[in-house]
Amino acid sequence: MTDNPIMLELSGVTKQFGGLTAIGDVSFSTRKGEIFGIIGPNGAGKSTLFNLITGTYPASKGDITYKGENITKLGPEGVAAKGIVRTFQSATVFGNKSLQENIRLGYLFGQLSVPRRFADRSLLSSARATAETVTDDVLAFCGLADDRERIAGELAYGVQKTLGVAMAIAAGPTQMLMDEPAAGLNPVETQEMGELIRRIRAERGIDVVLVEHDVGMVTRICDRILVLDRGQVLAIDVPEAIQKHPDVIEAYLGADIDLHQV
Amino acid sequence: MSQLLIQILMNGLMMGLVYIMMALGFTLIFGIMRIVNFAHGEFYMLGAMAVMLLFSTLGINYFIAVLVAALMVAVVGMVIERLLLRQFVGRELNGMIMTLAIAITLKAGATIIFGPQEMSIPRPVSGVTNIAGILIPNDRMLVGAIAIAILVLFYFFLRYARAGLAMRAVAQDWEAAALQGIRPQRIYLMSFGIGCAMAGLAGALMAPIFTVSPFIGDVPMLKAFIVVILGGLGSLPGAVVGGLLLGVVEAGVATFINTTVATMISFALVVVILLFRPAGLMGQSR
Amino acid sequence: MNTWKILAGLVLAVGLVVWPFVIENRFLIHIGTMVCMYALLALSMNLMLRIGQLSLAHGALMGIGAYTSALVMMSLGFPFVVGFLLSGIVGGLVSLIIGPILLRIRGVYFVLLTFAFGEIVLLTFIEWVDVFGGVNGIFGVPRAQIFGYVIKDRSLSYLMALAMAAGGFFLLRALYRSEFGAIMETLEDDEELARSLGVNAMSYRLAVFVLSGAMAGFAGGFYASYFTFVSPGEFNFWTAVNLIVINVLGGIASPVGVILGALILVPLPELFRDAVQYQVLFYGLALIVFLKFMPDGLYGLIRKMRGKRNDR
């Protein structure tokens, strides 16, 4: 995997909020075919780092590139246009629409984000022809086909989170950024989510970067893990090495997590 | 020339004090309830109408009339809050529309009861006082003095009174305040009541100075709005600074150019602030 | 679509067009014209409410359209058709220019911004007396003229207004049912989600704002030639408030609701002909009642009674 082309690359990325440095000089890169995890104790700056990449916050310093293209100054839709789609920590869906409508919209919006002039209506109508097939396909892939006509807001939290992932897949990304995919899920659902993420990479060829609190899940499914502590990179390595890393253990000591228990 | 400038300053300060009273009420309501009270001007008008009834028609002593007027407006405000606005706390958009509805209802109601014509009421004091060559009308001095007294009272209330502290707590974090045993509903009621009372007081004080009609609330509403944006929605010190600033600048521009331009400049300033510093010159950025 | 619906629609259409020629009451026809004009205005406001942005600038946008048409005809000598077209174009253009600035702000602050903007426009009309005629406005605006034929007859003016309102209605209905409408809905529902999937939210909100401004501008252009007189007092923030009342009353969720709202609220002054304030009082009370008890407006109420779920 280390010889695969570089996908996402951060160099010297810094984020300051007033006098507070939330992210200080962070640099790393991800490779094609990787599931890359970002973990760290509370307050490490994981969400901030995530939001810098997704274009929700602007970086104070540094560069972020994807496949060689500079995406530092892009906002959420600009980042999406480059093929990077994110999911949300809390189940974020269009609550009053059906599951299949949600996924169809995910596909539609993904089609829109490829740079084109706003007035290009023909694309909107041609999108309809394949929207149905894509929707069917993604519903089946995520195991949501049985509930396809149910209203999203009425379903269980775990299902909504899966729907969020499905919508992101339907948007047709080459890279997915997942914000705490296991947050709010019970152990069984966490296991299933981990499986889904594995299949996203294996069967769909979509690279994944995820930010997570659940160290167990991260260690199970990620190829490499970056540990963030107080806005700085503590370590980047394969899971087995991270578990034994003395600095990482020390950073987590206060959090009462036994890294070997996972 | 310096005489003129000082005259302008005096006028500006007096108007500024009135603007501060309007703005404080307006910003208090927004800070605590997150509701933009578009009906604020109508409470000003109600205060003026009440004073007209009590002082001009019934002949009650002016100072008592002003006090009673403020109380009456406070009561009306609290009834309205309890019945109509309570459900919109925190729901900014719909709350705003509701206050718009209340505004047009109050104004129409007043027009039906009192008629649309402008009426004037006698001045409680007359004559001018000569201070170092500057002539200040006594009635305006009275307005200024009472306004300052009210503002000082208000300051101490918020700083030291239990209710005042409770209000500030709710403005900061109503859930935490509730955990402390403060009931938000009572605070909303009180804030709206006090906010309206301030507007009513402003109207009551200005009633003898200008004319009284159902439409006199429009301009003070605009001014309160401008001051509050300048100073920051929800910021009490901002309302004071903004009020003084607007009063003096306006007086200056109005004297040297004209009032329309003065208002245009104020609104242009509002646009600029809303675009670049929506928290205002001194506001809290939420 | 079943035959009964089509038949009913046809009957309605014919009725709407023909009635002024049958009931030749000038006054009633004037009411009908006003209903149509306000329907168009309320529809323009509906667009903004649909994306969750309350605009208090629409009175001013209408005014910009009205003054544009008046000035183009009177100072530049262009025929009505040009003036009318420009009233909409300039309205849309102004929205296009201020849109990127204003639309960056959301919620309460956006409302206040539009309020301030509207006031500035109004003050400009008042202050710049040479061009806009100041507080008194401009008299003697030429009447509508199509192919040299002057439209003085009330019935014909009504037909013009009807055409405008119908145009606005069908345009919005089609828009809301299209993909564009679906995108609009998601912007109101969860804009962050839509953006993360690739929607350039700003472009869509701007497009809505421009369309909305153009529609208000057209209404202003019609107003100028119908009344042959424009003055700043007609285009203030209370005009925008009236449009909000119509929307809330009729129901924001559907263009039909908006038409219903206009149908009920606009003729109302005539019940209170001698006491305009009673009309305003009614507006206010009605708005209060609807806000408090019927958040979906009249149209939502009707749909509920028919047992349908409230959708777009």
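Letters are used for the chains, namely A, B and C, taken in the order the chains are written, and counting of residues starts over at 1 for each.
Operating definition for what follows: contacts are C-beta pairs under 8 Å (C-beta built on N, C-alpha and C of every residue); 3 or more make two chains touch, one makes a residue touch a chain.
Being a predicted model, the structure only gives us computed values, none of them experimental.
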Chain closest to the middle, measuring from C-alpha centroids that were averaged per chain: C
Label of the chain whose CA centroid is most distant from the centroid of chain C: A
Intercentroid distance (Cα basis), chain C paired with chain A, Å: 43
Chain centre separation in whole Å, for chain B relative to chain A (CA means): 50
Averaged-CA centre spacing for the pair chain C and chain B, given as whole angstrom: 33
Touching residues (chain side chain B, partner chain C) in the complex: 34, 36, 84, 87, 92-94, 96-98, 100-109, 111-112, 116, 222, 225, 229, 233, 260-261, 263-264, 267-268, 270-271, 274-275, 278
Chain C-touching residues of chain A, taken from the complex the two chains share: 54, 75-77, 80-81, 85-86, 88, 92-96, 105-106, 108-114, 118, 124, 127, 167-168, 171
Chain C - residues contacting chain B, complex: 52, 54, 101, 104-105, 107-109, 111-113, 115-117, 119-120, 123-124, 126-127, 238, 241, 244-245, 248, 275, 277-278, 280-281, 283-285, 287-288, 291-292, 295
Of all residues in chain C, those that touch chain A in their complex: 179-180, 182-183, 186, 189-190, 192-201, 203, 207
